[in-house]
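In what follows, subunit A forms one complex with subunit B and a second complex with subunit C.
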Partner chain A sequence: MKALRKFLDKQKPHFQPGGKFEKLESSFEAFETFLYVPDKVTQSGAHIRDAVDMKRTMSFVIIGVIPTLLFGMWNVGYQHFLSFGQHPDILTNFLYGLGKVLPIIIVSYGVGLGIEFLFAQIRHHEVNEGYLVTGILIPLIVPPDIPLWELAVAVAFAVIFGKEVFGGTGMNVFNPALTARAFLFFAYPGNMSGEKVWIADKLDSFSGATPLGQALVGNFHNFPSPHDMFFGFIPGSVGETSTFLILIGGLFLLITGVASWRIMLSVFAGGLAMGWIFNLVGANQYMQLPAWEHMIMGGFAFGAVFMATDPVTSAQTTKGKYYYGFLIGMLAILIRVFNPAYPEGMMLAILLMNVFAPLIDHIIVKSNIKKRLKRAKMMLAE
Partner chain B sequence: MHEIINIFVKSIFVDNMVFAYFLGMCSYLAVSKTVDTSVGLGAAVIFVLGITVPVNYLLNEYILKAGALSWLDPAFAKVDLSFLSFIIFIAIIAAIVQLVEMVVEKFSPSLYNSLGIFLPLIAVNCAILGGSLFMQERDYQSIGQATAFGLGSGVGWFLAIVAIAAIREKIRYSNVPPALRGIGITFILTGLMGIAFMSFLGIKL
Partner chain C sequence: MQTEKTEREALFSPKNIKLLTGPLNMNNPITVQVLGICSALAVTAKLKPAIVMSLAVMVVTGFSNLVVSFLRNGIPPRIRIIVQLVVVATLVILVDQLLKAFVFDVSKQLSVFVGLIITNCIIMGRLEAFAMANKPWPAFLDGIGNGLGYGLILITVAFFRELFGSGTLFNYQVIPQSLYNAGYVNNGMMILPPMALITVGVIIWVQRYYNRSLIEK
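Moving on, here comes the complex of A and B:
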């Protein structure tokens, strides 16, 4: 470790203003702070001493998604071999899935980080860590058999138009991972929608539609059991099938204080409330589906835990977080049941609430100001 | 009744004036710097759309449509005045906008000042004329449906402008590349918001 530090210190002058590679300063800085806690000290203003900085926060999220990622890889293999009626051992399943998922991860990181570095050099800002999380979330929410060039285009779109035009991490309005997903969804609908979306390998004759796809066309026979849906032995995007492991990841995020429990809780509450309303109406078979089953189907849990809680694009005010989450939950179920075009509503519900999150904050702040003015006036009157 | 609610909800979310048809962009881009003014303009648009669409519906139904004049005299059954619809619709809209302007000036001078030139410009706001022309094209069956459509389109436009105003207030702290600041980033934002609003595409009530 000492040798590494020494090496970095030796190289540092080359990258400082006046050095040989001064243009590449931010790239150097990115690698240095990736390895070591930065030694920069603020000179003025308020100081908070904390070992947590953005890089550590982001790495917590990555740790949080690792269980779902590993399980997702296994499940890709499991579903693939299941379609041939085979049941190989865990390792074979996993390796098959690894072969499918690893290229997606590599493309996602390669393209995204490439653009990120490019922008950092051109605009002379530090390389932001935000993409480390986005880059791992994207592989988790795309179908395992997505053509890699489509993924690359979507990632480029999401990073440039979803993030870099706003100035990078922390300044964006829309969740970049969901922007990539939505871009894929609308730009290449042939590969992304319909009931064949989530099967590991399109070429085989396996008609393994996701539960959501089945529910939408009203096919409720041989619907997977709640047990299978909860633990994730169902076809689906890489990361979204196992509600159980997502919840473990979510618990980790809550314990480390990275994600907001208010948003998570209210997303589930909103989904349940909408599910119950539909149960009361009960106009068709989809509406009669028990509300809690919506929670373990499709990407609902994944969206609630990893997507809706994105601290940048969600509502910032405490009260606003409840409204934000609740509306996401309600809209997701609403889109699922009502919109025949989209089997899954979670992604678009979160994107839509990203649009309205600043408005929610604005209303909350305004009402707080009003309340306090009133209180102050009453105190003056006394 | 069911049909009216359907039209109302659809025109807010599915056929949103801004995100589905990109109408009314000029004032949408220009007045969306702060939430407060955009609320004012949005309310004015709801009001104007809510009045002009039913009024134009009546005109269309009893004067402009092919054979609409037959209530005067059966001899007029072959008269088709629909080539006049543009000019008549615009005249009605301009008159009603004048009315709104006078009302706003009288009751809320501060709003009148902050809306500035854009209040008279509502008269040429494409969302307003678009509302009347869509009404004609879609051939609504009753004045109730036309009113629901007008109000719904107005509410949809209101939601759009208020949402983007809040976002623009938020991204004031963002480090947007200098070339994109202002209108440029607003266009990009509108496109992204359009993607989010596509979640409603295809919903049938």
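Moving on, here comes the complex of A and C:
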């Protein structure tokens, strides 16, 4: 490790202003801080620099998704061999899934970070860490058989139009990972949605539709059991199937204080509320589906834990977080049940509420000002 | 008011040429003034309708500018918008009938958007800002210039949308079949209106990258 530090120190002058590679300063800086805790200290004012800087925060999220990622890899293999009626051991399943998912992760990071570095050089700012998380979230929310070039286009679109045009990490309106998925969804619908999305190796004899795809066409009789859906032995996007492991990851995020429990809780509350309303109406079979079953289907839990809680695109005010989360939950179920074109409502619900998050904050802040003004006036009157 | 000139100005004097070329770049109606966006989104999924639409708008801007400029001293200021609209509407109906007569299929595709040229902000903007205060010939050039600027953006957007959205140009397949066999798929989002907006955004981005003076502070 010392040798690495020495090597970096030796190279550093080349990247400083006036050095040989002056233009690549931010790339160097990014690598250095990736490997070592930066030695920068605040020069003036009463700022407290937390030991947990943005890179460490991001690392916590990555640790949080690792269980579902590993399980997702296994599940890809499991579903694949299941379609042939085979049941090989855990390792075979896992290795097959690894072979499918690893290229997706490499493409996601390669393209995304490439663009981030490029923009950092052109705009002369530091390379931001945001993409470290986005890059791992994208492979988790796409189907495992997604063509890699489509993924590359979607990642490029998400990073450029979802993030860089707004000014980079921390300035984006939309969650970049979901922007990538939305792009895939609208640009290449054949590979992304519908009942045929998850056909293992295009075997005609096996229609491996996701539970959502089946629910959409009213096919409820060979629906997977709640147990399978909760633990994730179902076809679906890589990281979304196992609600159990997602919740464990979520718990980790809550303990480390990275994600907001208010948002998580209210997303589930909103989803349940909408589900119950539909149960009361009960006009068709989809509406009669128990509300709690919605929580373990599709990407609901994944969205609630890892997507809705994104600190940049969610509501910032304490009260606003409740409204924001609750509306996401409600809209997700509403879109699922009512709109046949969109089997999964979670993505669209979160993106829509991303747009409204600043408005919610604005209303909360304004109403607070009004309330306090009223109180001040009353005190004056007395 | 125009200052009286002792000698006649040449038809294509530098000033008049500028009226024609200005809207192509530095004063583009779509990317700089941000007018006429709605139709730019609606008709640019394919090149052919975009070109026909551009021609239609160019004819209407050019001739409505010309006619209104002739009438400019006779129009009572209070009802000027009504008079302008009558002129524009007449021209639009003429254009619409011509399209129906000669390019019926494209006219069908453009459907309501030909009629909606009447409400195109570029036309009213040019009438109010230019034709009401200038002589017929410069006004005509200004109208044609703005039509060209509008068309330039429309055709650029349509080019990219048709190429990536349908894999064709003028309905001829340009992306080779071998690429499709290798797994290439047309980008369905390019056909949807949001992508037109994003494409226009990219054009604005590129334009401002080269013309820094256009960047708003």
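Side notes on the structure shown:
In this section, the second predicted complex is superposed on the first by the 376 of 382 C-alpha atoms of A that agree within 3 Å, B and C clash if a C-alpha of one lies under 4 Å from a C-alpha of the other, contacts with A are read in each partner's own complex, and residues count from 1 in each chain.
Convention: a contact is a pair of C-beta atoms (placed from the backbone, for glycine too) under 8 Å apart; a residue touches a chain by one contact, two chains touch by 3 or more.
This is a predicted model, so every value here is computed, not measured.
Look at subunit A after the overlay: subunit B and subunit C fit there side by side. Of the two partner chains placed around the shared chain by superposition, neither subunit B nor subunit C is touched by A:N93. When the two complexes are overlaid on their common chain A, residue A:H125 makes contact with subunit B while staying clear of subunit C.
Legend: residue contacts after superposition of the two complexes on their common chain; A:S108 is shown touching neither subunit B nor subunit C. Using the contact criterion defined above for the overlaid structures, shared-chain residue A:F161 touches subunit B and also reaches subunit C.
When both complexes are overlaid on chain A, the residue A:T241 reaches neither subunit B nor subunit C. By the touch criterion stated above, A:S26 is placed in contact with neither subunit B nor subunit C.
Taking subunit A as the reference chain, the count of touched residues is higher for B when subunit B and subunit C are set side by side.
When the two structures are aligned on the shared chain, A:F186 is found in touch with subunit B and with subunit C. Shared-chain residue A:E150: touches subunit C; no touch with subunit B.
No C-alpha atom of subunit B lies closer than 5 Å to any C-alpha atom of subunit C in the overlay. In the superposition on chain A, subunit A positions 161, 165, 183, 186 are in contact with subunit B in one complex as well as with subunit C in the other. Those residues of subunit A that touch subunit B in the complex are listed here as 123, 125, 161-162, 165-168, 171-174, 179, 182-183, 186, 331, 335, 338-342, 345, 348-349, 351-352, 354-356, 358-359, 361-362. Against subunit A, in their complex, subunit C makes its touches with residues 183-185, 187-190, 192, 198, 201, 205. In the complex of the two chains, the subunit B residues touching subunit A come out as 35, 162-163, 166-167, 169-171, 173-177, 180, 185, 188-189, 191-193, 195-205. By the touch criterion stated above, subunit A contacts subunit C in their complex at residues 147, 149-150, 153, 161, 165, 183, 186-191.
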